[in-house]
Amino acid sequence: MYIQEIEVEGHLIDSMILTTIFDIVMDQRGDFEVLEFRIGKRKTDYSYAKLLSKGKSRRHLNSMLRELFRAGAVTPTNVEAKLAPAPRDMVLPDDFYSTTNHPTSVFIQGKWIDVQGLMMDKQIVVEPDKLHAQCKPIRLVKKGDLVVVGVMGIRIKPPERPREGVGIFEFMTSRVSSEKPSATIVKRVAEDLYYAKRDGKRIVVVAGPAIIHTGASHSLAKMIDLGYVDALLSGNALAVHDVEYTLFGTSLGMNLETGFLTKGNRNHIAAINEVLKAGSLKTLVENGVLKKGIFYQCIVNEVPFALAGSIRDDGPIPDVITDSVEAQKEYMRLIQDADFVIMLATMLHSIAVGNMLPSSLKVVCVDINLAVVTKLSDRGTAQAVGIVSDVGTFLPLLVEELRRLESTANK
Amino acid sequence: MYIQEIEVEGHLIDSMILTTIFDIVMDQRGDFEVLEFRIGKRKTDYSYAKLLSKGKSRRHLNSMLRELFRAGAVTPTNVEAKLAPAPRDMVLPDDFYSTTNHPTSVFIQGKWIDVQGLMMDKQIVVEPDKLHAQCKPIRLVKKGDLVVVGVMGIRIKPPERPREGVGIFEFMTSRVSSEKPSATIVKRVAEDLYYAKRDGKRIVVVAGPAIIHTGASHSLAKMIDLGYVDALLSGNALAVHDVEYTLFGTSLGMNLETGFLTKGNRNHIAAINEVLKAGSLKTLVENGVLKKGIFYQCIVNEVPFALAGSIRDDGPIPDVITDSVEAQKEYMRLIQDADFVIMLATMLHSIAVGNMLPSSLKVVCVDINLAVVTKLSDRGTAQAVGIVSDVGTFLPLLVEELRRLESTANK
Amino acid sequence: MYIQEIEVEGHLIDSMILTTIFDIVMDQRGDFEVLEFRIGKRKTDYSYAKLLSKGKSRRHLNSMLRELFRAGAVTPTNVEAKLAPAPRDMVLPDDFYSTTNHPTSVFIQGKWIDVQGLMMDKQIVVEPDKLHAQCKPIRLVKKGDLVVVGVMGIRIKPPERPREGVGIFEFMTSRVSSEKPSATIVKRVAEDLYYAKRDGKRIVVVAGPAIIHTGASHSLAKMIDLGYVDALLSGNALAVHDVEYTLFGTSLGMNLETGFLTKGNRNHIAAINEVLKAGSLKTLVENGVLKKGIFYQCIVNEVPFALAGSIRDDGPIPDVITDSVEAQKEYMRLIQDADFVIMLATMLHSIAVGNMLPSSLKVVCVDINLAVVTKLSDRGTAQAVGIVSDVGTFLPLLVEELRRLESTANK
Amino acid sequence: MYIQEIEVEGHLIDSMILTTIFDIVMDQRGDFEVLEFRIGKRKTDYSYAKLLSKGKSRRHLNSMLRELFRAGAVTPTNVEAKLAPAPRDMVLPDDFYSTTNHPTSVFIQGKWIDVQGLMMDKQIVVEPDKLHAQCKPIRLVKKGDLVVVGVMGIRIKPPERPREGVGIFEFMTSRVSSEKPSATIVKRVAEDLYYAKRDGKRIVVVAGPAIIHTGASHSLAKMIDLGYVDALLSGNALAVHDVEYTLFGTSLGMNLETGFLTKGNRNHIAAINEVLKAGSLKTLVENGVLKKGIFYQCIVNEVPFALAGSIRDDGPIPDVITDSVEAQKEYMRLIQDADFVIMLATMLHSIAVGNMLPSSLKVVCVDINLAVVTKLSDRGTAQAVGIVSDVGTFLPLLVEELRRLESTANK
């Protein structure tokens, strides 16, 4: 028998940390013995557990430990994290550590150092002399960077169940379903946004082109105008459809007022041509051509946006960052310090952004397709609250509610 | 070669009647020759075609003719429809004719008689002396009823493309998609409902329990109160959830304001118990226990409703017609003379009602699940306009729009 | 402060029983103190907890206790369950107890009595002198029946995480998703079925008409023939489509080999007519008309089936139980003593059957629509393993695998 | 009244060309008169129509004509197409013509010239002296390129209904639905592929990562090995998952045989690291590290592939073309001269490829999500046959059928 003592502290029971730990041992056909257990006497008290984990081989034990540490366990005595230099640019040492999206510290030179810029499935690069640890995607790892390897000397703080509260995150504790009271949900999201803005929190919106097709662009433009959007992440299609709708009243050629298709998709290309002619969305606004809409509001309100290129793009317009690695960098820059992320009707960008977020960040995802919401969660963004609804009717009601809250507050 | 002359008249081109006729011949590997063709010179003119259809055998020709007649073709000279008596109750003569849902006439005693109460996949029972033809489901056919058999002497009027217009049916000419402008759709449906009510048309609502879960019951109750519902078709669940929500504020135990689950589904059974105790929903209203909600509004506004039993029911409450054959009869009675049917978030009842409707009746179907809308159409209710949206946000916006139209009209 | 001591024993951590208990208190804004806690030292050991639950009022405390007892907690000293007579047929005493679907006992005359025929959201009727407790739906409660009321003297055994294993239930521990390896799933389901049959377990199949449309009827027929189906639950449509396909090669008029629509839905009605003529499916087999297919196999292999009527039915055929209350009784009879339930492509019947099952019963649900699988779970059948796949390709692979297992065993 | 004579020839009725023409006039509230009409007497004969289209203004007439020409109409006398130089790189003359995806010719110097490399929503660049016309996306238009403008001198050939046949395209004439016989569909697709390969046709596969998750990678690898794939279009994820599965037996950390999650997503990053270390997938094969799987088969069989970068990518691996404009060029190069495109479980790449295809190319799209299939069609790839199924069960059955066809042929 190969054994290792581990310990864990926190809201072990209601945040399911201990459940996860027991699950890991059973999934891997290992064994354990509880050496010590102190349960939090009151609901605000922490619990503590010390366990002996047992494997059939060194390899088996290590495989369990790797998972146990990811679940929040630590060794009773602190061990220095092991570091190894990257052999080349964009190449990792073989035994590299791969991050979770939960708050993480590494034990370096006798101190626990918090990892900065945390994202899931990335690596940790340490500058020991500066006591600095940074989360980095493999693409940005440089030759000689000191990368955390192995599984020791790393401490994870798994997410805790919110103790009590009234926001959308407390409301939606149960699973995703289309059978939730939409009107109540709209109210809760509006309240959360209202208080976030009032408290100077940073709100980032990730948006897909269905916002235009479903006729909700007025609502998103209004949200920007009211100050509820601090950055907008999207792709070429949202911008092109926004310009097409503003200039010609159509979206992919469909007149949104009459429903008739006009001139096929010609207006779509004409919108692209206008932006290419002007050189950028900003110039199009400055030239007085683009006078309203989502991107008009972004530009006059100085809300930054990032448009990522995709294989599906027509054009694309010059504002689009066509290189996906560069686009990721810009997305990451705009998400930094975000407090609240709202994802609207886009699977591609939602999952991309989900990959860049620590689990502590609040995420709301609205989509008519249950599969999008499920997939976001399956891919690791488990904290996301999924709302299965129609953005075309959801956003107008949300804006109505935001205005009501603002006017009530102003009285 | 076995041949038969057929002819067809109408808006053959834009209503795709001639396309369908050519398709049938090609699908069945038959052949045809156009003997005569007069195209409508202007868009309001009818076209006329006479064709020679050719089969490889008598059986092959008949198989094609069966389909061609269903598509609107007739023989140049009128032939008496053949009738045969039903050998027993609920048993048809072997060569029975099975209906489409398009307006149908039978040639009896030298006259074209319109078939009454038309539904798809049913039979035609004729009383020759009364010159009366009735559409009947097999269950209601009695021994000795004269049933139309074979394919001759029957004339179908396939649906025509609306010439021009501005309602929801003209708006949604293209295929079902979730990418339609929801706000515009809400407006169009509201206008259609508003004018239907103003013109004394009969509006029937088919509704599923998701209306309660998604928090839209206030909206449907308001629609009833405003006079936009002339009959309500549903099942046990809608009524039980409506009572549960009105009495306890929960739906299947979930508090719709706070989102917390309370007392499991106990309230659900308690609601059923209250109705069983009172004896009926009506008595519950009369006793002063049920004071608002969908069924309260039905009862005080004398809007008839039919609740069909299903294998899934808890209870059920005494208002439910547990026998499916009896429930179908009551549904059929309430749908009779309907002008407009709105289906809200229920696959089971929507498809059931779809089977009972002539194709000339206007049908709108709102569901968050694209598959429901597609299935309704696949099952033959091809005239249904499908709206992929969230009833929880769609209905509140619809009621807002109806009120706006009413208040504008009252100025 | 209103207080009550409770205790709970079992695999409290990994089966999340203690998590649920803490959740309840926090959801209801109550408070608790842990008085005693013994954790299972090894993975097969039980844990034990004694807690003091605290409410702001008697009502508040009771509301918490109701939920806590449902989660598996009991009072440290046994209290007799309270009984009250039903005031009338189909009417419950106001404070009736509503069941979970977990194994339940009631404390009667100083003894813990197991409740028989357990289903969720039903009532418990006790015969104290016989020491017998039966789960009953409200419809079957008779005047004078002694119904369990209040929350005391009831003990629930929540489901435990499977300790270890290799079947489909261990495989699918994570959430429903369409992104699971289908080939592996097919193998696991086949193995579970194979061993279930070998060990004389009772397998019940719940099936929808999509089985016929997707061309999988041969596969289901083969499963019956091989002895993998001990009862079949469905509705009118499955039987009618099966007869239509067997007699005419079409399903709702579509030729399943060529894909062409023939004679609209006439064959559908003709199939119904054949059964009505014969009087029953059994007679149709005995007459030599029905010579293969799903129901042919049921009849020759003496596998009982129940067909529940629905508002959507054409016909229906005489084998259908048109009264929903009677159909439920027959479904319940056939499910009794089932060990394994497989639900195939039917939302209506799956949820109906889910309502009738104790949580200890193994359930597999295959549907192409993610929403069906999610809904089943939302409605309380949380133990169901959901497989998002196409029955048209899933069943042929499953039968292939079953045959492989049988032939390997026979070597 | 503003008028213009137009004429049109072809299978006007069954291919719905005339229906479309009448629809356009009615949608736009214009008017028409039929001047001449000759209907094809037999099913192989062409029909011919000459119409007078009438608008309320020059602008109204032009707007109608633009659509009528797109639907296949031409002016009775040939008019030279108008050309205008692009004012700058990537900027079009204002009145540019936007393409359909149907075969298109332009009338240049008195000759009808076929447009090469046709795609929808692109432009036509003409070299008059070479009598050459090329379809180009706006990004590739250079300053001075002669771009077709206006609506005259352009002739479209709308798709015709297949006259008769037995392949998957004839089978699936009706709308997308999950209720089609999957086994028959598998057979038809297999036959079409078998004959396509036999006849030296070029088959291109567009594939998403769900192929790996659902356990179908063996099947796709086998299809490549058997010679059924002439080019593979995908993104980073398919390649990374393929390497991860081949090297570690997991997909995003899930062991596809046991279903257990191992090491989170670490294996995913480890797979990327291996490719980055080697420098490319090809080197990984040459080094003997990658010994089976989809990309192994591509490399040893010299099947070209293109991997397009996306904002969602981890890594990405060096084989990925991170610039979306460059990736589109490579996709277009590989699609050139394709005869058959199969899209498997990927919305992003399917719609991207759909945009690059002429409507004459055969497209099959398999996805478990009905919405993907619907969207592809909504976006203009109307010729795509949509199959709602599970690739995890569909592909193994397809490969089984392909092998059966091959072994039968070899006898």
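We call the chains A, B, C and D, going by the order they appear; numbering starts again at 1 in every chain.
Criterion: contacts are C-beta pairs under 8 Å (C-beta built on N, C-alpha and C of every residue); 3 or more make two chains touch, one makes a residue touch a chain.
Keep in mind that what you see is a predicted model, and the values were worked out from it rather than measured.
Asker: What is the shortest path, in steps, from chain B to chain C when you may only step between chains that touch?
Answerer: The least step count works out to 1.
Asker: Based on the averaged CA atom positions, which chain is farthest from chain A?
Answerer: Checked the centroid distances; the maximum from chain A is B.
Asker: Please tell me the distance, in whole Å, between the geometric centres of chain B and chain D computed from their C-alpha atoms.
Answerer: Result: the chain centres lie 37 Å from each other.
Asker: Using CA atom averages as chain centres, what separation in Å is found between chain A and chain B?
Answerer: 44
Asker: Residues of chain C that touch two or more other chains: which are they?
Answerer: As it turns out, chain C has residues touching two or more other chains at 27, 173, 178-179, 261, 369, 371.
Asker: Please give the residue numbers of chain D that touch chain C in the complex, ascending.
Answerer: Interface residues on the chain D side: 166, 170-174, 178-186, 188, 210, 213-216, 251, 254, 256-259, 261, 368-369, 388-390, 392-394, 396-397.
Asker: Under the definition above, what is the set of chain C residues touching chain A in their complex?
Answerer: It comes out as residues 13-14, 16, 18-19, 22-23, 25-27, 29, 31-34, 37, 39-43, 49, 161, 163-164, 173, 175-179, 370-371, 374-375, 377-378.
Asker: Name, in rising order, each residue of chain D that touches chain A in their complex.
Answerer: Per the touch definition, chain D meets chain A at residues 27-28, 63, 66-67, 70, 88, 90-92, 94, 96, 98, 100, 120-123, 137-139, 235, 252, 260-266, 268-270, 272-273, 276-277, 308-316, 320, 322-325, 327-328, 331, 347-349, 351-352, 355, 369, 371, 379-380.
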